[in-house]
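Okay, so chain A shows up in both of these, paired with chain B first and chain C after.
So, the complex of A and B:
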């Protein structure tokens, strides 16, 4: 047990380290701007007095390193300062949006994960059949299409032509849960299409890899029925790669969400990021990037830890 | 029951009987299951559903025929060795090559193919298609068809430039890291770990928020390009001029000249905001190329013939150029195709968000965004540029799939 904790602790430490480096990249990149944020806020025509006052107010008269640690410590306590466009607190604008994004991602994941694992295993068993080839072409097409292509096709056929689902996923507070699911179905379905394809291909590859190993061949040779080979021999060893695949794709979901949110005008954090990039609202950009990076790293970490926990050889290193 | 339905079922049943007679098991299964599905569809959806199925099957058959003919054409004109390889290509790969060929033609000869200029306003906004405008007009009254053709040039050229630069930096660093090893290898590997742990779209947005505004000017992009070229060139100089002072001096002098002229040349072809985009893409994707190259080259470096070459006293550059590179071309070429797809999708996504290629340059991603309102009227025009993006990435993926299958002997 101690071994596992130490291993997991090591991975966690590594994750925190990488997150620290990324936070430094995110912070110091803004320092590359000619002039500084105060200049960007007030524009070229600002008087030196105004600039100096604003710098003092934003703490820009401090050296960069001091400001970085200030920013980092307040970011850890979920305080990302104020937006330079609206002047409102960044956390207030982002937090509900982040919850919305998480909801959308979870919605998509709940549909996508079971479908893709079942289909992936099925395709691996039926490999090189017509079914496998057709699925291969379909998943490849779905992966290669930009998210907005899939999204607009769904809008065209499921919203505009048949009117089954709303084309714009606007949310309000007094919606029932069923209504919420109905409103957000199309963006979720877009994400499902992309992620399922990825996950299925990876599951298929993992299972095929496994089925090629000698002990499976041994089980077959001694006359074990095919379903038993899968359930008793292959599946226990397949959990590690499958958990890995799921976590990696959830991480992918978090970023794929940006484009989908813009297509469906969904009030999520991805849309906030895109808006603030075009308005050059740096505190919001920094906060969103940090949140996205942290989620991404966390999910990758979960993949690693899951792989360790399900693999006895990693659990008890020699 | 009309004539169409009778012909439809006769063809399907006749086809499946023929397939069964000649023992083509998979073709028979495909045709007969299609017949069974059509029974159900025909009852549920009527003749309309059958027509859709027939159109899809016809399109599929047509593209299969095109792919077959194009593959045979390539086999006929290619030299013997290449022809032997091409003969093994599945139809999907033939289709992919055909599409890539078409896009290349459209991109290179865009000004001659397109009936109008890319920024030329010729009619009212959102005018419907007529005999001069095949696909109608966009939101400013420019010819949609011409813009799609010009998009093949602008979008693909940008993505290609980004991929090539990412590849040069990543592959060179990977080869050098695998050959030299030690602290150099460690530093590069950890740096690439950090960059890869930021989601690519997010990192791109972050960098564009910094460099997208007034920093997208000639001077900044010139300096950034020169720095990029200098870093890439430094890797070459390190490998070529091992431990000889004279080599370093000559190498650095050549490098300064080459990187300056490279930066100037790029400035002639692209405008500053496009150069920023290319650089952003190159920075994001070079770690991925580095990872793969390092892994592939790492497998080659441990071979006996490398040991022999080292004992002969060959230098690093010779090892990379004559021993490692020829033995890792196949996976690298496949990786180039894959990276191009990722880069292409990233640039299309950024342009769709309005942060990539700037108007009035015709570009597929921003064309989708600009004409998206048409979708709510049930018009498919905005889907055409999006479909063009999807088609190219699918085509490249088909070809890459075949190459990976061939080079790795992967039996999946």
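So, the complex of A and C:
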């Protein structure tokens, strides 16, 4: 167990270093964008003196490096500052949005992860049957279509033609949990369709890979039924790659859903990020990107820890 | 035979008037075409048009163009969704009525000194803040001063540079003192930035709280996502028929149209013109297609070769087939431009100026005269200028080939287009929002020393007339001056104006509105929430 704690500590330390590098990259990428905040805020209608006044108010007359280190020193103390454009605190601006994104990701994951693993086991069991082929074709089709296209198809059939679900997933404060699930079902379903194929096929491949091992041969020879061979003997050894791919897809559910948010008008963090990039609102861009980076780092870490826990051999390195 | 046909037309018209698919103005026009006298047509309109407005219901509006970084600061209003929200919960001194005339809002009446240098606005004693209390002269002055002075970051600062002082007359009226006469000042007061907000004790404007004196009270704000409102029962004007209003930001055109089709919202702004014909087939949806004062322009820098030669400029103006562009790019939802920036939806529009037609032969002879045969020029454009802007320029380039002109279309990035391309590249395509009067438009983008004189055009007579017309209180004389200026801009100016795009938006069939729709903004001048109602 001590080994795992040491690993977690080491990886977290490394993660902080990575975040630091990422923050510098993001800052200078935002600086490279053409135009500036004052121009983006005041729009086409700004005059030069207007722009100068606004730049001064926003502190943009300072050199870039000074601004970056100002931001960094406060960020180290968990003060992510205020949005340059609105003057509101960054934490207030994005916390609801991030909570919405987490909710949608969790909703999709709760549906997608069990379905893909069960389907993966089933198609491994019935490999090369018609069932296997049909499931593969369907999931590969859904992963190969762009998300917005899947979203539009679902809207057409489930919202416009049958009216079973609302076409836009706008939220309000006085919704019950049931209404919330109903209203956000289509975006969640779109995400489920996008991520299922990857996880399902990885489960299938990992299991089939193991089926050639001598110990599986042994289990078969002693007369164990095929489903038991897979669930009891193959699956426990296949967990490591499956956990990895699940973690990767969970990270995607949090960071890669801008298109789904746009199609369904879901107020998630992706839309906030796109908005703040278009306004060059550096503190908000920075906060969103760091959340995304931290998501990847933490989920990867969780995957590694999971892999070690499910495989006793990794816990005792020689 | 003729008589019968006319009767069919009239029946159709009456039907259209009943269902609200036709505006009063178009109704009168077609009725006249069918041989009905004006007074008879007015009567016909009155009997067929909708019943009186009814109160009640929750109006859900899907608006385009919203951003997480929007704020309640009237000085930095820039997105359409904020303009819509501002007209729902805030008020202005004056407003543009559905028929295009100027009407009272917080100011109930106004008058000018003979030189148009001093304007006195009498405030409506019934105007009250949502938080309670009357709207005072002090509040109005603070609201206007928010856009003036040294450190102001307001985008409306340029509009008020000529204002020298604003004083409280002590009798619930204010006087605005100008450096030079301006007959359009009451029109300027409709600008969406100049919203009324309460004054702080130190005389600054208090805009953060979201308090207003408009038809609806703001109950919830989530910038870039949505806004909710309830009726302000003590509002000082007629209207505000809905009990509650919900404005949802729907940036994606497909999401907007789907939400309208499925009934998730009652009305939406900005339709995708490409799918207009498909949406029209839905019997539950009514489309409003309103000619506007917005414009697409293509300014050439008149001090840069080859655009420094008026013959070259006119050759380019003659080489564009506006009808084809309107048909293929704007899908019919536009009125043709005539190379002067004064739309038929603005006051003082000169209706007797001949339309410039597509004439490659004349263009060729002008080029020959200028010694510029085989002309090759770059035209910069970005997708964000207008839906289909790049296609428009490519089509123009094909049309100009007949005049022997090679237009090389340069596609620029959307990002930073107005800071890096506009006013910098010798020739580019631009979209202008609607401005209330020709004076505002010309002073902004055609005056010799204007910061945004986008074509660098210098014409002495034009600038003389601009200043004279500005202070002219006699409408007939003013209209004559604008006519002469239009001719100068058309024949000497550096701007090709392909068309004035219409405002195209839609509502569910049970949403009703009056006979006319204001052309200043989409959604009845952004005042749909207080002017429209649900069918009983």
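We adopt the following convention: the second predicted complex is superposed on the first by the 269 of 318 C-alpha atoms of A that agree within 3 Å, B and C clash if a C-alpha of one lies under 4 Å from a C-alpha of the other, contacts with A are read in each partner's own complex, and residues count from 1 in each chain.
One rule holds in what follows: contacts are C-beta pairs under 8 Å (C-beta built on N, C-alpha and C of every residue); 3 or more make two chains touch, one makes a residue touch a chain.
This is a predicted model, so every value here is computed, not measured.
S.K.: Should A:278 be classified as contacting the first partner (chain B), the second (chain C), both, or neither?
M.R.: both
S.K.: I'd like to know which partner A:199 touches here: chain B for first, chain C for second, both or neither.
M.R.: Neither partner.
S.K.: Looking at A:104 after the superposition, I want to know if it touches chain B, chain C, both of them or none. Which is it: first, second, both, neither?
M.R.: neither
S.K.: So, does A:146 touch the first partner chain B, the second partner chain C, both, or neither?
M.R.: Once the two structures are laid over each other on A, A:146 reaches chain B alone.
S.K.: Look at A:208 in the shared chain and tell me whether it touches chain B only, chain C only, both, or neither; answer first, second, both or neither.
M.R.: Touch partner of A:208: chain B, not chain C.
S.K.: Which partner does A:160 contact after superposing on A: first (chain B), second (chain C), both, neither?
M.R.: Touch partners of A:160: chain B and chain C.
S.K.: Looking at A:300, would you say it contacts chain B, chain C, both, or neither? Reply first, second, both or neither.
M.R.: A:300 sits against chain B, while chain C stays out of touch.
S.K.: Looking at the overlay, does A:245 come into contact with chain B only (first), chain C only (second), both, or neither?
M.R.: A:245: touches no partner chain.
S.K.: Quick check for you: in the superposed arrangement, does A:262 touch first (chain B), second (chain C), both or neither?
M.R.: The answer is both, since A:262 touches chain B and chain C.
S.K.: Which chain A residues come up in both lists, the one for chain B and the one for chain C?
M.R.: Shared contact residues on chain A (touching chain B in one complex, chain C in the other): 33-34, 152, 155, 160, 167, 262, 276, 278.
S.K.: In their shared complex, at which residues does chain B touch chain A?
M.R.: Within the complex, chain B touches chain A at residues 26, 29-30, 92, 193-194, 197-203, 205-210, 212-215, 341, 345, 348-349, 352-355, 365, 368, 372, 375-378, 380, 382-383, 386-387, 389-390, 393-394, 396-398, 401, 412.
S.K.: Can you list the chain A residues touching chain B in their complex?
M.R.: Residues of chain A touching chain B: 18, 21-22, 25-26, 29-30, 32-34, 40, 127, 129-130, 137, 140-141, 143-149, 152-153, 155-156, 160-161, 167, 204-205, 208, 251, 254-255, 258-259, 262, 273-274, 276-278, 280, 282, 285, 288-289, 292-293, 296-297, 300.
S.K.: Per the contact definition, I'd like the list of chain C residues that touch chain A in the complex.
M.R.: Where chain C meets chain A, its residues are 62, 67-71, 76, 78, 150-155, 157-158, 220, 222-226, 248-252, 254-255, 258-259, 261-262, 264-265, 413, 415-416, 418-420, 422, 451.
S.K.: Flag every residue of chain A that touches chain C in the complex, lowest number first.
M.R.: Touch list, chain A to chain C: 33-36, 39, 41-50, 53-54, 57, 83, 85-87, 93, 96-97, 152, 155, 159-160, 163, 166-168, 170, 172-173, 262-265, 267, 271-272, 275-276, 278-279, 281, 284.
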